[in-house]
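What follows is chain A paired twice: with chain B in the first complex and chain C in the second.
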Partner chain A sequence: MTGNIMALASSTFLETVRDRIFYLVAIFGFVMLSSTAILSPLTVGAQGKIMADVGLASMVVFGLLVVVFVGSSMVRKELDKGTIVTILSKPVGRREYLIGKYLGLNLTLVSMLAIMGLMFLLMLYLAPGSFSLRYLGAFYLTFLELTLINAVVVFFSTSVSPVLAAVFTLGVFTVGHLSQSIRDFGQLQEGVFQRQMSELVYYLTPNLEVFNLRGSVVHGTAVSLEHLVMATVYSVSWSILLLVVAGSIFSRKELRGE
Partner chain B sequence: MIIQAPVINKAVDRAGRGIPVADPHSVEPDHLTGFSRDSAKAQPVVLEVRDIRKSFRSGFLKRRIRGVEGVSFSVNRGSVFALIGHNGAGKTTIINCILDLVHADGGEVSIMGMDHRDPASRVEVGYLPERPYFFEHLTGRELLQFYARLLGMPKNRRASRIDEVLEMVGMTEFAGRRLKKFSKGMLQRMGLAQAILGEPKLLILDEPMSGLDPMGRREIRELLMKLKQAGTTIILSSHIVPDVEMIADTVGILKEGCLVAVQDLAEWNHDFSYTGELDLGDRRARVRGDGVADLRNLLNDCHRDAIPVLSLETRRTSLEELFMEISGGASVKREVVR
Partner chain C sequence: MKARTKTLFRGLAVTVLALMIFMSLRVFDGQQEQATQQEKLYIPSGDFLVESTLGFREAAADYLWFRFIQYYGAFSLGQNDLRYFDLLIDGITKLDPQFEEAYYFASLVRWSSFGDVEGSIDMLKRGILANPDKAKLPFQIGFIYYVIEHDYQRAGLWFEMAGRCSDATDKEPRFAAFARYKGGDQRVSLALWKNLYQSTDSPQMKELALKMIDTINGKIEIQKRYSKDFIGPVPEI
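Moving on, here comes the complex of A and B:
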């Protein structure tokens, strides 16, 4: 079982990497350099913070782009083109297939984030007084957030079209960052229905603000080990839940029409 | 006889006596079981399909359209069973049900005694889909390495086995090229390569000759003959009847989702008529008869009485004629299931 999952993960990784996905990393480097060149003259004394802010936000945006656009079509493309049938005609379970694809995309994410992280740290190193290893905590939280989003997109891609899967995933990403605010807003409402709906949204969507400590990291606060552990548990739990449900849907799916 | 469908006795009738096409709804699984037991004495059953049914929802109203209905057959080790039928007759659906790529509405399938829904039942199965498509950014060799890993092939065996199958399908020189640069025929060969990679006991090929030029078809046919001689059980679907005739031991003819005839080709090859001319010294005599026993008697008599045989011509219905007669020239036509 592990062998199958690893084989699927590595082939998915190789396929996405060769599909010129790393062009996005080059764009990231360009954004970092541009932000330094453009914003530096405007931000006397806060150059490092601006660079860090733009850099961390860019990592999330580019990572999200990869997850949503690669992940949403990953399973569907193989279903439509028929790649999946030769894989599942081998002794491979459908859940193994999904987990392999999920891990393969995670592997791509790790590689992307690692390269972007190195570029980010290098840029900070070149800006006097900006470099700090506390950013590693923010990188890790970004990775956890994107792996969770990856599980969300895999979940949707087993049941709806790539476009809908991308739209729904972006929706979950947006709501996930606003869920606490939606809940707080709901509690201020007088109507029971509004309060219940806001509670429902809060519990049905992952709270992605758990992973968003970028602002405080930029302003000099390191992420605590306790928070990193809790965030890991939170991300892994949601991912497992989503993959279990996705696996259950996928097991019942007809892989070929007439 | 190695394979049977309970709905058929004997489908050939060159004298125009009509071909029995039984009601597909009258399938009796016990019938099949009895037959299997007899044949199992000779060779173990590799695949047993019992009364599978599959319908699809189609159109705006999502009406149920029959895919296959009450199909039963079994295939013994080392034999080649071909499913032939028009486009849409249900060949691919049966194969997809066997491999659990689509879930049958009813019936049972066992592969080497195991339930087909268990992924472990596919350890010794090789499959070539009708239109094989693979990860296009991988090279031919990387693709086979990937499948070797899925098959659980030991690391030290992979490289040599991959070289072997690349050689067998004539793709050695293209092994380092990415699949997106492959032609349809080359993809078909790679599809066959991944199917035979694990030295499967059961090879399922959906339109294996599709996309190949005449030379390629011949090469693949020869490869399949070699695999057959090596004892691999093969199930293939095709609508290229002459190819099937050369490879298969038994054919199953599908019409509108029903298996309407199963014919043992060895048996069928003995079922022919002949006409001949004998030299009786003072005159010539024309003779005619049916079947191998009749012909053998005639030739023995001629040999015993030293009668020269001036000419001898045999005639039997071609598989294509049989197919056309049974399938009635029907194309895609599906019954709506209520």
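Moving on, here comes the complex of A and C:
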């Protein structure tokens, strides 16, 4: 079972490499260079901060683009090509297939984030007084956020079209960053229904602000080990839950030619 | 012949299109000044920005910061007034409350362009609330009291506060000691210089501290010796 999953994961990873996903890393490098060289006269004493903000935000944006656009069409592409039927005709379970795809995309994310992280640290190293290893905590939280989003996109891609899966995933990303505010706003309402609805939204959508400590990291506060552990538990729990539900939907799905 | 005409036609089309793009840009350039004024009207409140920028608040603050610098640059060139100053600063500091430079620069503008010293100090105090352990902002308040208000006692207090921050260097206690000395509070100044002498690693700073300790001790000695009959300012040594 593990062998099947690993084989699927590595083939998914190689597929993203063939799709030239890593071109995004080159764009990231360009963004970092621009924020350093072109924008530096406008930073007025905040060059290190702005480089770090732009770099960390770009990592999330590029990671999100990969997850949403690659993840949403991952299953459909194989359905259209018919390769999924060939894979599933071998002793590979549907759940294994989904997990393999999920892990493959995670592997792509890890590679991308590792390269972007190195470029980021190198650029900070070149700007005096900005370099710090505390950014590793922010990288890790970004990875956790993106793996959770990856699970969300896998969940949607098993049941709706790629376009809808991408839209829904972006919706979850938006609500995920607003869920705390929605809850706070709901608590201010007089109606019980509104209060309960806001609570429901809060618990039914992943709170992605848990992974957003970029601001405090840039301003010199390292992420605590406790936070990293809890964020890992939160991300892994959500991901497993979503993959389990996606697996049961996908098991019941009728595939052409199977 | 036909192929050549085709190539010629394509070349002409590309040239016309390039010219049209260039002309449009020229028109936009002409409208830029007006646009800079107008578009600020559409900057929403800081609270709205916090919610609408999702997880990218700091990057959004940086974007507003660039706009602010350009806006202030245009003001320096006499192209606009500063009527959207507060709106921009509110947006930046709500999006990134720990953006130290924003408070610092905004305080500088308040004082130098509006002549609003109180507002300038308030801006720095807002910054201190969000960044309680950063020396730069209390130091700047001390500097304003020292240079503009000539209130050396208060300046000394703020410099001392800056000196207690984790990123403080030798500079903050040195300014505190100088301000206290200038304010006539020689015993506090002496204590501060002694403290600086013990804590600093810089030989130059040690030398300066020693010189100041000698000077203040000399003054205190004169005051003690002539306290009964001496009236008026203490002579410089």
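To be clear about the criterion, the second predicted complex is superposed on the first by the 256 of 258 C-alpha atoms of A that agree within 3 Å, B and C clash if a C-alpha of one lies under 4 Å from a C-alpha of the other, contacts with A are read in each partner's own complex, and residues count from 1 in each chain.
Keep this in mind: contacts are C-beta pairs under 8 Å (C-beta built on N, C-alpha and C of every residue); 3 or more make two chains touch, one makes a residue touch a chain.
If you're wondering where the values come from, they're calculated on a predicted model, not measured in any experiment.
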{"item": "Partners on chain A (chain B, chain C) - clash or fit", "value": "fit"}
{"item": "Touched partner set for A:Ala7, first chain B, second chain C, both or neither", "value": "first"}
{"item": "Chain B, chain C and vertex chain A (Cα centres) - angle in steps of 10°", "value": "160"}
{"item": "Contacts of A:Thr174 with chain B and chain C, given as first, second, both or neither", "value": "second"}
{"item": "Which of chain B and chain C A:Val218 touches, first, second, both or neither", "value": "second"}
{"item": "Touching partner for A:Arg252 - first (chain B), second (chain C), both, neither", "value": "first"}
{"item": "Touching partner for A:Met197 - first (chain B), second (chain C), both, neither", "value": "neither"}
{"item": "Which of chain B and chain C A:Lys81 touches, first, second, both or neither", "value": "first"}
{"item": "First (chain B), second (chain C), both or neither touched by A:Ile115", "value": "neither"}
{"item": "Shortest span in Å between Cα atoms of chain B and of chain C, once chain A is used as the common reference", "value": "33"}
{"item": "Touching both chain C and chain B, counted on chain A across the two superposed complexes", "value": "none"}
{"item": "Parts of chain C lying in touch with chain A, wherever the complex brings them together", "value": "51, 54-59, 61-62, 65-66, 69-70, 96, 98-99, 101-102, 104-105, 131"}
{"item": "Contact set on chain A toward chain B in their complex", "value": "3-4, 6-8, 10-11, 14-15, 18-19, 81-83, 85-93, 252, 254-258"}
{"item": "Chain B - residues contacting chain A, complex", "value": "56, 58, 65, 67, 88, 92-93, 96, 99-103, 119-123, 125-129, 131-135, 137-138, 142, 146-147, 149-152, 178, 191, 194-195, 198, 204"}
{"item": "Parts of chain A lying in touch with chain C, wherever the complex brings them together", "value": "39, 42-46, 49-50, 53-54, 56-57, 60-61, 173-174, 177-178, 181, 208-209, 211-212, 214-216, 218-219"}
